[in-house]
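Structures for review follow.
Consider the two complexes below, in which chain A is the common component and chain B and chain C are the respective partners.
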Partner chain A sequence: MTGGAALAVTLLVATAVGALHGSGEPKSKGTPMSMRLLTQDQYLNTMAYVFGANVQPTTRFAALPRTDGLLASGASIAGLTDAQLETYQKTASKVASQVMSEDSRKYLVPCEPAAADAADAVCAKAFFEQVAPLLYRRTLSDDQIAAFVGAAGAAAASLHDFYQGLGVVLEGILISPNVLLVAEVGEPDPEHPGQLRLDRWSLATRLSLFLWNAAPDAELLNAAQSGALETDEGLAEQVDRMLASPRLETGVRALFDDMFAFEDFSRLAKDNTIYPNFTGETAVDAREQTLRTVVDHLITHRGDYRDLFTTRKTFMSPSLAPIYKVAAQGPGWTPYEFPADDPHAGLLTQVSFEALHSHPGRSSATLRGKALREVMLCQTVPRPPANVDFSKVQNPDGSVKTARERIAFHLQNASCAGCHRIMDPMGLSMEAFDGSGTFRHEENGVEIDTSGNLDGVEFKDIVGLGKALHDNPQVPWCAVRRTFAYGTGTAADSNDRRVLEHLSAEFADQGYVFPDLLRDVALSRAFRQVYEPKLRKTYPLPDLKSAERTQQRAAADALTVSANP
Partner chain B sequence: MSNMNERSSRFAIKASVRGLAAVALLPLLLDGTVIAAAPPAPAAAAPEVASSDDKDWAPPGGRIGYVLWDEVSWGLRETPDKQECPHGFNIGPREQFSEEFPKDGKKRTLAETQLKREAAIWDPDTTPDEFPFYEATGKYAIGVNLDGKDTPEDFESDDGRKGIDNQLFRVVGCIRNYRKEGELGIITTKWRAQKPFNRVTFELSGVDSLKNDPDVTVSYYRTLDTLLAGPTGNYLPGGSQRIDERWGKRFIISAKGHIVDGVLETEPFKEIQVPEDGMGDPAINIFRSAQLRLKLTPKSAEGVLAGFIDVEQWYYAMNTSWATHHAAYGQASAASIYKALRRLADGYPDPETGQNTAISGAMDMRLTQVYVIHQEEDSAAAAQ
Partner chain C sequence: MKVKNLSRRHVLRGILNGGVVAVALPVLDCLLDDNGKAWASTGEALPVRFGTWFWGLGATNRIFVPEKVGAGYEIPSQLAPVGRVQQHVNLITNLNAFRDGEPNLCHYSGWIIGRTGKAPKSSAEQPGETLDITVANQIGRTTRFRTLTASATGDFRNTVSYENANSPNPPEISPLEFYTRLFGADFQDPNAPTFTPNPRIMVRRSVLSGVLDEIKSMQKTVGAADRQRLDEYFTGLRHLEKQFDQQLTKPEPIAACHAPPVITQDPKMGVEVEQVEKRHRMLTDLMVMAVACDQTRVFNMAYSNAQANTVKEGYEKPHHTTTHEEPIDGALHYQPQCAYFSSRAIEEWAYFVEAFSKIREGSGSLLDNMLIYANTDHGEARIHSLNNMVAFTAGRAGGRVKTGLHVDAGATGVTRVGFTAMRAMGVDLPNWGVKSNMTDKAFSEILV
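Entry: the complex of A and B
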């Protein structure tokens, strides 16, 4: 081959690779514009950013429906009930009173009124100009600020207290639908005629919720306001700034907390007579241990995502140490590395996985296998039929000692085997851990057979399962799918397939470094590109309470008008 | 590690040397008639212990720690029919007050009554007690043969060991407060478990077998961490205790020991200091020539810490740890206890007065397994 021919081939290959990776993002519809509820953590993180970490009202927002493996996707289909509104109102009231308390107002209100017992339009304006855009996640017009100042003035005059006047309006802002709901807005994309892209404010919010799990900060809003976010360079600059921020840890923790379904920890209970070492504190620390491991490995050390399933490095607390049968080095968290010959290696061997996917009084190969399929591999295991005979699982025959024997019938019974074949073989290798997540060699005095296979890969123990997961191409693909869906706030569907394949290839090329995946997702065109979702036409029943609600509705409408930017 | 025979002979020589010293130092102060209380019938078979407890086992790295959580008693061996107290129990401060100051119409000042009694507690003396004091008696007691001798005032253990030194049993054995029906056992255990001031831990090192090992080292530490509490108010094995190597330096001490059939016995520690904070006025009990005898399992240990207990420190700890109502309801008269302590003290005579300053005794106790964290491990963790 001549030099010229070689150059031509090289260029051809480079072009082909470039088309597939890097700038070669395949075309897609983007994601539907969604309207999603701000989650409790997003709300609280935003309050902490705007008013400081001391302003942390105790509250409990309603649970979100888990959709396609993520609560973040469920937030876009969640409803809003009267009870939820009451919770939002109470929370808003707490925030407002904390912000306006005598201690806080000195530094949270940027000025001092001429008189504390009367309205002060200048000072009120300074306050609302500072906080309102951060809460509404966009700049506000002078008229909108003036409306707040006017309302605060009226309240101050009525209550003879400047700060209470501010507090009343702040409370109103915090229960505004425009604050509590993230309503994404699309606009024609000048670079791709006929397509829609997120408007600058929606993009800023999507980015910030994705990477920080909070509303945009002032700098991101400024970038949106200036139009910088609409340029590739400006967007990249902001994404890189956000990835370099310590707030990224909060965002990554939220993503994995959601992906690993850790909200289940809030209702996890163990039978204390069977597992006396497993306390409420153990559950809290188990969740924290895994999140610390993830952040340390993926963010601090920029490690290979797949190594999460084999790493022996983690963190230990006094509550967890007895479960792992190791010494706790301190009263708080300390780094910990299991020895090379230890059976603990990777997330599957952590208490968070083994205990969360067990019954209160016993382990469960099936629950663990199901969780492995659904959480780590993004696969769906069909629900069991309604007529399952559980008496076979709770076999009272004393000669049946181990789970492998107890659930052998799963694979013998044709109606069970279809599903259990994809759960039990890997779930049984996790029988090396009891229902509290403590490692064991034996069950009822009989040595546990921990061999199994995952999609054809044979292994002899839990460490082998971790390695099989590490090498399973579905694992990083699942991370990409969940990350993309989490970032866009909508469940991934078939429209996203080519984009996800592209992002997966990029992820692999970059050595499975997770912050690089976050960057690729945030900068992808699919992240910005949106389309009008198909809305199902509904025919609501007549509101039977309309008559008695006329006055209330009028008041609510008035508030909405005054608060709506 | 030495071989078993060498270890045994060294023990025997040391024990005989201690015995000679003890003969010179320890006056015999036994009075009253010895009434033998036969060992109780063996208890019903205990529930089968965990299989791991039955097997021989070596702890990782040859080290295992046990933290003290339960002070069962001050070495009391109680029989169901109270054979050790043939004269009954002692009366307490209320009863003594009533006897001394009967309601006979005689006018008495505060100084002549309450303050006089108060002074007898806080400025006690060894003059003969105005009230009869009933010592615990009998053939059997809990404890260790501290001086290597079997003398008439000594007891025998239920498992046939002779020469058990436990004169403190004579002092407190017939005082309701110190017995099972009293409240001290419950409350000292609560304080031991809950108050960080009271946290002490033993660590065995060089352990090749928890069943039989002729040569182990036992170290004693004051440690820093809370106990690992179980769901039903018990304390669980598997916790961790960091050594207080700063303020707890003076507590640190080691001794050699051996394990035979799962029972640890040590050579004497020169002095073991046991912190005791009851109601916020901390004290330290001092066990001189202290020896441990503990039944070991991988999860727990139980047995005694025996030694010659400093009388003045023990008395101070008693008075500062316990409120008046404890003494009143438990019928524990401090003034009478002091006289008995001094009368029965059998060790460590004062060089000037010749009076014994310590009394043989034993703390009957239970401990649970912990990992003992040494400073170098802390540093290594920090370096990570």
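Entry: the complex of A and C
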């Protein structure tokens, strides 16, 4: 954007929003207000920030459905079960007992009670005033604090223990729907009559879940409380502070862990007889290697996002060294750079990609091609047709040696070719890596042909595929789309198209520097402007609504009522 | 079991003030009435429980389906393990799942029709309420857990039980965690000689009412779309409240209940058949005791996922890939490696049934007072067939079901098995399923 156009736009924006962040962001509906489940990592990060890194309860929250490429978007539709509430309660109990343990209480409770075996309203008040707003992600009224103090007092009196009384109420706070559900609230936007914006607390939470994958800190809550967050200057000040915080690394790791579908590592195992070098530790380190590479390149060095697919710089650990066939490094993690003529260049050549998208005992050109399309390019590959005979893939006469020959029939068969044409040509170039992610020249004694093409760009090997990906405009577009959906908490849809195009153009103008993209998303109007979502389409089963049967509901209610005094 | 009674709270207050209270000795069969059909102390009939079992990729019908129907059928080679429990199970073959014009969603349509009665429209469409939940809402509300779900796959993202499309019931995948949830600190041994209610639970329970109030104020602020999820949260909190109440109540003794040995370590992760088998047996043994101790009356176990990814050591392809890529052996007329994987699944089904049959309860076994429904995702997995599917039931449902039979369903709907099971469990449905999968025809051969 140059000259008069830029000036005109700047003036317009100046009139409208104060011109802090000069941009030509197109008008949009904004994004839906959602009610998200706080994810397990968001919960644990918050506990660590509020109570210290020693408070680490072991837990496993229910899996979220991957929705439009992100678990983060699934958090806005996932339901709740009895089992999940049980998990919340058990976890809360662990946190409370760790916080109130003899060792921790002297740091985490900001005062000493008059007597350890009785209630102390003054000390309890000091504790709840300190922690409750951080857990509720907003300031609380005096009445609310008084209610906690009262409950803690009653509990301390019946348990004859001040700290246990405090702990039981902390447990209650930690299973509160206000803590575990992120229910966004909209309010009329005074600067844009007829439109809704997130209220200050919802905005603070959306920002901190986006950038830190944790609840807001006290300073962000103060900015919300004072109203500063509702001004462009105040918002920019907070976003810049958050981008400069060490917590950003945690946030960026979470974003890419989600985008790269790394939750699949939790069930990744390889056949030990076929890949003896690949252990449980290898899988853990492969995930870590990629996240370290991403953080180092994008955040530490503010590198070009697209270079992630060509960079030879990474980190090496002792358990990864044998897979990469490099000299044992370590102990622990060390920076590592592959030589210029090495076939290892970019994320696609890392074990995390090649091994994750393979079978336990062999590689898979199709799985890798599919992952490349879906994860890196935000495209959807249709499911295979039901009535297909794949048995040609296993040719028992032994004359067929390589995957390229085995799966050639995909492209000869019209019903297969449609989809396999978008997976196999790039998947086959990744045959240069076996199912454990180790580079190889041959399969069954025959040299592997690693040539291929990506959307019309020809290449002869895996390094060429990395370059083709680097230059593919869909790659940064996909990053923008995922980042925006991740930040706003719901899957991007056609309403967002113009905003995403705008953000992509900015991303390109700024040299694909990822923290700048984060900043642009966080400061965009679409991030703050919200609307009431329509009822989601569901597929109820007409004959099977037993949970709704009034008779049973009544019976259940009667049971519980009779349990009350 | 009698969990609630009117004076309980009054009694508790006394117990809490008085500290430890000694109660009667552990109870054995003498506590059952003379016929062994009811607990003598309360006169309540022994509960009938419902379970499901799942395995992926079906069976090798050529070496699995007996020629003879009815009782005393011959046992083809892949069915061999079932020979050990033949008198406890029914085998139902020649079942169809009807797509009703929807696509054949590979490894999805088949099992979902078998558990919800409806063909999904797309793979993005999650199943609605599965039949275990329908049964649990009928018979599961008094126990500590309304349902329990476990999976030997090591994959906690994949489950066979759904409350509704957005609320899958996550499976237990770790024997250690499952043990801790069932028999850890919160377990009340019904046969313990003393009963000491934990005063902390009492306090916890009163704090919970404040949390329940918060839901009510949130309901005013969230949109209509999210109100249902808030309701689920509310139901979950009520469930916790009920669990606290049970922990404050002296349980009725149960002769069959013996807390299993402590588990301190999980077996190795992985999908190799030996590892899956080990996890399956550990989880099964825990599930058996959870049922025997009346911690739940409804449960699900999965041996493998649909599209099973089980592998055999040293063989490069997982089960699912093998079904598609392995040629049919010219002499055998089936895929031998696939048959290996299916046989291992059937072996575990037999283990599962045997494990329940070994627990004495009343005049028979725990299994006699249960009904288990086992299903899979395909007939011939190689071609993603939804015809010629097989299913099992196990147990006599307290005398409501006959066993030992092979039933040829004559290419009728797989939903008939689920419908029969629900009828046996006392769910009063005139029919089940939608469109072609709708059925009102229970298997009369099986029902008493």
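To be clear about the criterion, the second predicted complex is superposed on the first by the 512 of 565 C-alpha atoms of A that agree within 3 Å, B and C clash if a C-alpha of one lies under 4 Å from a C-alpha of the other, contacts with A are read in each partner's own complex, and residues count from 1 in each chain.
One rule holds in what follows: a residue touches a chain if its C-beta (ideal position, glycine included) is under 8 Å from a C-beta of that chain, and two chains touch if they have at least 3 such contacts.
Treat the numbers as computed from the prediction; the structure is a model and nothing was measured.
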Open item on the list: A:T334 in the overlay: touching chain B, chain C, both, or neither? Say first, second, both or neither.
Closed with: first
Have a look at where A:V169 lands relative to chain B and chain C in the superposition and call it first, second, both or neither. second
By the touch definition at the top of the document, which applies to A:N272: first (chain B), second (chain C), both, or neither? both
Item to complete: Return first, second, both or neither, reflecting whether A:V457 touches chain B, chain C, both chains, or no partner chain.
Response: neither
Chain B versus chain C as contact partner of A:V326, first or second or both or neither: first
Just checking: does A:E532 make contact with chain B only, chain C only, both, or neither of them? Give me first, second, both or neither. second
Chosen between chain B and chain C, the partner touching more chain A residues is C
(request) Once the structures are superposed on A, label A:G445 by its partner contacts, choosing first (chain B), second (chain C), both or neither. (result) first
Thinking of the overlay built on chain A, is A:P318 touched by chain B (first), by chain C (second), by both, or by neither?
first
Both partners, chain B and chain C, contact chain A at residues 272-273
In the complex, chain B touches chain A at residues 51, 224-225, 228, 230-232, 234, 236-240, 242, 371-373, 377-378, 381, 384
Chain A residues touching chain B in their complex are 272-273, 276-277, 279, 318, 321-322, 325-331, 334-337, 445
Chain C residues touching chain A in their complex are 4, 6, 8-9, 103-106, 116-118, 120-121, 123, 125-126, 128-129, 133-134, 137-138, 141-142, 145-146, 149, 153-157, 163-170, 177, 181, 199-200, 202-204, 206-208, 210-211, 214-215, 218, 221-226, 228-230, 232-233, 235-243, 245, 269-272, 309, 311, 313-318, 321, 324-328, 382-384, 427, 429, 431-434, 438
Within their complex, chain A touches chain C through residues 33-35, 60, 62-63, 65, 77-86, 88-89, 147, 151, 154-155, 158-159, 164-165, 168-169, 171-172, 175-178, 181, 183, 185, 263, 266-267, 269, 271-274, 280, 359-362, 383-384, 386-391, 393-394, 396, 532-536, 538-547, 549, 552, 555-556, 559-560, 562-563, 565
